[in-house]
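Think of it as A, B, C and D in the order they're written, each chain with its own count starting at 1.
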Amino acid sequence: MGQESAGIVTSNGASPPTYTTHKGMGLVNTAFSPEALLKLRYGNLGICHTRYSTTGISELQNCQPFVVDTLHGKIAVAHNGELVNAHALRKKVMRHGVGLSTGSDSELITQLLAFTPPMEELDSPDWVARIKNLMTETPTSYSLLVMFKDVIYAVRDPYGNRPLCIGRLVPISKLHTTGVGEEDTEGWVVSSESCSFQSIGAKYYREVLPGEIVQISRHGVKTLSVVPRPEGDLPAFCIFEYVYFARPDSIFEGQMVYTVRQRCGRQLAIEAPTDVDVVSTVPESATPAALGYAQQSGLPYIEVLCKNRYVGRTFIQPNTRLRQLGVAKKFGALTDNFAGKRVVLIDDSIVRGNTISPIIKLLKEAGATEVHIRVASPPIKFPCYMGINIPTKEELIANKPEFQDIAGYIGADSVKYLTVEGLVSAVQEGIASLQEKDNISSCNKSSRKVGHCTACLTGKYPVELEW
Amino acid sequence: MGQESAGIVTSNGASPPTYTTHKGMGLVNTAFSPEALLKLRYGNLGICHTRYSTTGISELQNCQPFVVDTLHGKIAVAHNGELVNAHALRKKVMRHGVGLSTGSDSELITQLLAFTPPMEELDSPDWVARIKNLMTETPTSYSLLVMFKDVIYAVRDPYGNRPLCIGRLVPISKLHTTGVGEEDTEGWVVSSESCSFQSIGAKYYREVLPGEIVQISRHGVKTLSVVPRPEGDLPAFCIFEYVYFARPDSIFEGQMVYTVRQRCGRQLAIEAPTDVDVVSTVPESATPAALGYAQQSGLPYIEVLCKNRYVGRTFIQPNTRLRQLGVAKKFGALTDNFAGKRVVLIDDSIVRGNTISPIIKLLKEAGATEVHIRVASPPIKFPCYMGINIPTKEELIANKPEFQDIAGYIGADSVKYLTVEGLVSAVQEGIASLQEKDNISSCNKSSRKVGHCTACLTGKYPVELEW
Amino acid sequence: MGQESAGIVTSNGASPPTYTTHKGMGLVNTAFSPEALLKLRYGNLGICHTRYSTTGISELQNCQPFVVDTLHGKIAVAHNGELVNAHALRKKVMRHGVGLSTGSDSELITQLLAFTPPMEELDSPDWVARIKNLMTETPTSYSLLVMFKDVIYAVRDPYGNRPLCIGRLVPISKLHTTGVGEEDTEGWVVSSESCSFQSIGAKYYREVLPGEIVQISRHGVKTLSVVPRPEGDLPAFCIFEYVYFARPDSIFEGQMVYTVRQRCGRQLAIEAPTDVDVVSTVPESATPAALGYAQQSGLPYIEVLCKNRYVGRTFIQPNTRLRQLGVAKKFGALTDNFAGKRVVLIDDSIVRGNTISPIIKLLKEAGATEVHIRVASPPIKFPCYMGINIPTKEELIANKPEFQDIAGYIGADSVKYLTVEGLVSAVQEGIASLQEKDNISSCNKSSRKVGHCTACLTGKYPVELEW
Amino acid sequence: MGQESAGIVTSNGASPPTYTTHKGMGLVNTAFSPEALLKLRYGNLGICHTRYSTTGISELQNCQPFVVDTLHGKIAVAHNGELVNAHALRKKVMRHGVGLSTGSDSELITQLLAFTPPMEELDSPDWVARIKNLMTETPTSYSLLVMFKDVIYAVRDPYGNRPLCIGRLVPISKLHTTGVGEEDTEGWVVSSESCSFQSIGAKYYREVLPGEIVQISRHGVKTLSVVPRPEGDLPAFCIFEYVYFARPDSIFEGQMVYTVRQRCGRQLAIEAPTDVDVVSTVPESATPAALGYAQQSGLPYIEVLCKNRYVGRTFIQPNTRLRQLGVAKKFGALTDNFAGKRVVLIDDSIVRGNTISPIIKLLKEAGATEVHIRVASPPIKFPCYMGINIPTKEELIANKPEFQDIAGYIGADSVKYLTVEGLVSAVQEGIASLQEKDNISSCNKSSRKVGHCTACLTGKYPVELEW
């Protein structure tokens, strides 16, 4: 999903293996020229990482995957998430006499994995033991890919905070009747978002479970271990992935994100109805919720804004100024659709209030008689320490004095939010019905516990934060 | 709209004027760095051009505006459209002893304007006479901006084939309550598409009429002349602008493009109904037609595809390979919304058939039981010689043998197109109702004749083509 | 010689011909990537131009060769020099109704050549007549290459102000014993400086004479005409080429530039002797003069400065600041060679005084007891209107009050210049001896008159300047 | 000296310090834009590194200085040279559980320095102890700069294999009478080559001695320790720096490189006289030797070649093809200077024979009757493992069968080399005379032993090589 930098490391799987690396700044198609991709093709396995800056600093040096040479050979690590106890772990590693060349968690993880207990045999590193050891050092938040020679380990933290799923590459002959079938197109892929599978001709296979260590090799996919959570703790999959971050065609916990958002819209229509003429959306991310709201309320769904092509996404730009700049130019008003009408506009979330305010102004200038805002998620009040780029507490609109009269502040006739309970039930309702229907893959079924991280909404973090 | 190159020329309006020029390749924000824009600000008038390659060759040298030095000083010309008799005009100009340094119509136009009849007084060029002379030399297709010292002439050919409209810059104080009001933000802007006004804080004022020569200067907007068409000829505004090319929030002939597309969808539902469960769209351009189809047919409207961010528009890339490459990666299937259902998918046009075929395949693989295609425009069968980048006759799907069984060819359960009559009535119905309501600006009102170029659909070109 | 931009146009020689053009900014190896060169190879003739900005503005648009389409097909023109009556010619061309898209003489020349008298037959342009007509319109200063289909015309103005010479490509088999001999490597090349021949495996053949129009085609090299000067006028080859501008291994008028510079150094030793310990040079351009001075005076020649690699030439940068910036970093002092000694330092010219002053300071700080400057050319006092980038009159050190005490101003113990008479005799002595020995090629021999443009030194321009 | 990449790290000297880093590919003025330099100015100390690839691979990741975060804060390391026992050290570091992210010696050195013995107090790292420890781990070859907070440690290995010297920044007011004097321009600089001092307005102060650890801080320059060599070992300063690598105005061991090269030329004239008409040089690096040869032999010195501007140095390009490509275009023949004469051409070294062969051919084609080659250094026969980019043993001309008839192979009339003894005496003669005159700074004086690494000539490496 990142648009700041991208990196790929491939291995030829030989012994010793040759790794080939390319990293570049910008979107994937900028970072990877055809020449760069060509040099990467000598390999039958590889890991990749795309990145949006969570710190405001984008440098090639911080670009993953991180590769280090160890006594046993090179390992490559790609990491999604943020270690909650990174600071303490850095101290520990440095106390051992290791210098860290970047501020990234990825390097920290590679050094923790490189660490060889003296008694260990040199020629047979026990990666499962090392990864399990890493997982005891840090509870969350991480989804990891670790490549070593001819094997990739896919790992998800015990709380399952960041997503990770496995797909199966389908031979080209089964996808495109005109294409040439080649055997070598079979294989396995792992990704944070299942939506990425379709574009490379792969099918969703299953999620990596919280705490699971999966080995992917020429022998297929195999669960090596499932590291448990402390007794009594529930999983803590990031609920914000459903609300905002994931692409709507992604699947988490067996359900499509789009469907969850549509349920949020229905729930919102129940919790916060309005007396208006039409329902509309802030395109495109709020559209499923808006359609859900329209279906539940019986109000007609129309479009009030069209997106200006060629303008990037608001969220993942590293500073406020860049986020604000695009807003005014982003949307065109479809005046004739709503002039003289009362509009309820569904948005997926209001983080800073920078985006929605000019939109309301735009609609009113263009003739809307009333503009009501319904937000298909609760107010964000707390920082995320687990890898989502949420602004500081002070920047969040829900923590500002203006929030007391948010409608007045953003110029709306009314503003209402979905409740935390409403959101959680909209999310978990689908999982419950799935489990009843028992149609998820056997490995995900049965005793699976359900739980979500709502820390940014409630301040209840899944683990105690160390400082 | 172009994404191949862009250029700006500003004038400081002095006597003699200083012109500042910047041209660059790529999208506007690539072509114009902040430094480039800074050097352009010394001026109170300017013209700009963005370009998509109509010939497959993108070179900076062909980038408009074209500036030439004449006996009276420099003129700058920006041109949208394509001169139907360019070949004969080039010969004429070269026979006069002029060498042409590019193959562009823009240079040809500047040389035609530079041409000084010997009797003319040196220090007072009669630009209206020169422009009128140009308009007698070539009937269509062009919308022109001609800048000379401190005046811009906005010109539309007598058939009004390409759009051109005028907007008024609103002082910033009236747009943003927190902004600082500065007097100098008042002014006039001219554009092919009215949708561009909103993003710079301007309001739609009116269209330039077919054949009209409008002078824009410090004294405001003034009609200098309206060059008539040959008696009996109707205007020939490009109907394809409504169907595909324009942004939906643009206004042509007093009506919003979105509304016209919605009417096309309604008309399509009348002409070509289907027995299915749901209506959907190929996002985003077909969405108004799909909503129109849903409203008329009473079928529920759902989304079946989500767009992959970061992938450019299909149409305006200069060759087939580039057009095809993006298709597979462009959309994600919203599986749960349509699995087990019969779908009618509305598209705005089918040019080559390259895009719709993999989409249908995708929907069927994801579980749609039937996929019917309804196209909200008639088949394109003929080349455009007036500036729209339509493929050659041979490349158009409607001229291929496969068109006889188009449904089979693209893998649909059925395919139906809007009729030419249906399209024309959907377009003109709105203009008629506007004229009845008499709420268009006085200059557009009254005796205005209505007519559209449907050459790409019918082969009936507005003027005889010279070769 | 230019380092600002470069362009190549090749022709495939067919009827009608296809021309392929590439232009780029920067040094030749920056401007021409391997890909760019590859696309240019489809042709058996071509013209090229490299350029240093004479106006301070470097834009791709002004980059030569200039190509225009005429009634008879495309012509391409590359031009070295500056038309003394460019202003009047521009007016004339524009009065004919031609718009000029650049301020360059090259475009002006192409438009003058494109100009078709109405009586002329369309299918057989008489290029010799056109070129002769051009030469009657403007006396100097130009060396031209005009390419049309399968012919190149090499033209030098009647005063021969700018150099132009012809070389013969030697088959590779005769140059490199290990290379494969291919017949197609035979051919002809034309260049401003003969030194360029060696690097492509060509041999010097002869100069193009003042006023000569040479046709180069598959049939070889043929003189079409020699346009005479007004009676009584001598040739006016730029003497500054000998003094500073040309590479020392170039040949003009039958003599090597290095030899002329060495003679200037000998003459300088006669005109301006010094009582010092050692002779040295400002590397590298003054070295031949310094060796000549050492030989004539009997003083030992040593090196006092080493050049810092990676810093470009001082002269051909478009503005003062860029010229100055490099000076301090350009040279390293070879302290041990001159500490405690009296030095006479030979320079080839002092244009602004910016370079020599810090060098003297550097030598004195490093221990030279005296530093005397001897300049192997007379003071430059007048601007050049014929294509050499000399600073404005006001910027020239010789026109500043400081010149009265130039030694004090630049910190030298004494400063003396070569006289104009001394320079002219050093230049012409070699030509005289050549003509006596009669060993120059027959076409250059016999009645050849000798004369040089010393306008920048004396203010006597070869033709009357029009304004 | 490098032209592949460059990096700078500055520290603001605060507690804790902020380090600012910029690295870039290419020559220094490419790698560092004005913007990049601007961001680096917040600091009063910094270290920098330029690099030419010794391995053929240039990547930003390998670009120095290397910065790592340690328990005590960040350290930055710049390194010139190559650790002879790098392989064993890497194993050792990795055995400790440290992953190495690059293959560079610099990272290895930082990790060795980061290594904290457990007993050490956390808040007071003893850098001298750590650096001394590093120096016991690896005998050679390295000159190091280690920056920590507000101190820079300048370190040279016990054998003094790579050069390192200290300069003093002179206040601008004392350098340029017109400049504004600012106090903050005083300070200290450290460099591999003293020639770099002049271009920034610094004066040579002294060398860092073999084994010396010098501390540079706000309190000035202070020797902390001098780590001794194993008893009986002499210093082993790279003799190739004198012969080829250093700039001629650099000072090593108290003598100017130019003077040493001139002495080599004189010695060569004694060892290998020739019966010819003129002496000349392969410009520019062989010129001092050629002048020395001319002085000793009494033969006249002339120039036979002029260098083509705009072509880079032959030696420091990473592969053979790039080295060869430039040769043909590099020189122009000054024909008239040597036609009909017998020439002895002095070269500084013959590494592969690629350069000299086409030059001889060129001179003969241009009329030289004989061309004798005298090389001012002995044949290179052995690889360097201490940081100089010498080709593999197989690529060296002196190890090829052709070397038996080297004159025939390169097309010369005779070829002779300076002897190893001749070279060593030419180098050490100057040091001896300096020590006699006792005019070197006190710290370099007295008991200083003299010794040079001639491994590439003799195969006698200063330390035993580990594999």
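Going forward, a residue touches a chain if its C-beta (ideal position, glycine included) is under 8 Å from a C-beta of that chain, and two chains touch if they have at least 3 such contacts.
For clarity, every value in this text was computed on a predicted model and none was experimentally measured.
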Check: Quick one: which chains contact chain B and chain D both?
Finding: A, C
Item checked: Gap in Å, rounded to a whole number, between the CA centres of chain D and chain C -> 38
Checklist line | Chain centre separation in whole Å, for chain C relative to chain B (CA means) | finding: 51
Notebook entry, point to check: Quick one: chain A and chain C, Cα centre-to-centre, how many Å?
Noted result: 64
Notebook entry, point to check: Got the chain D residues that touch at least 2 other chains?
Noted result: none
Notebook entry, point to check: Taking chains as nodes and touches as edges, what kind of graph is this: line, ring, star, complete or other?
Noted result: ring
Notebook entry, point to check: Could you list each pair of chains that touch, in label order?
Noted result: A-B, A-D, B-C, C-D
Next item on the list: Provide the residue numbers of chain C that touch chain B in the complex, in ascending order.
Entry: 60-61, 66-71, 75, 90-91, 94-101, 103, 107, 110-111, 113-116
Check: In their complex, what parts of chain A are in touch with chain B?
Finding: 3, 27-29, 195, 198-199, 247-249, 255-256, 258-259, 284, 287-288, 291, 301-303, 306-310, 313, 328-329, 332-337, 362
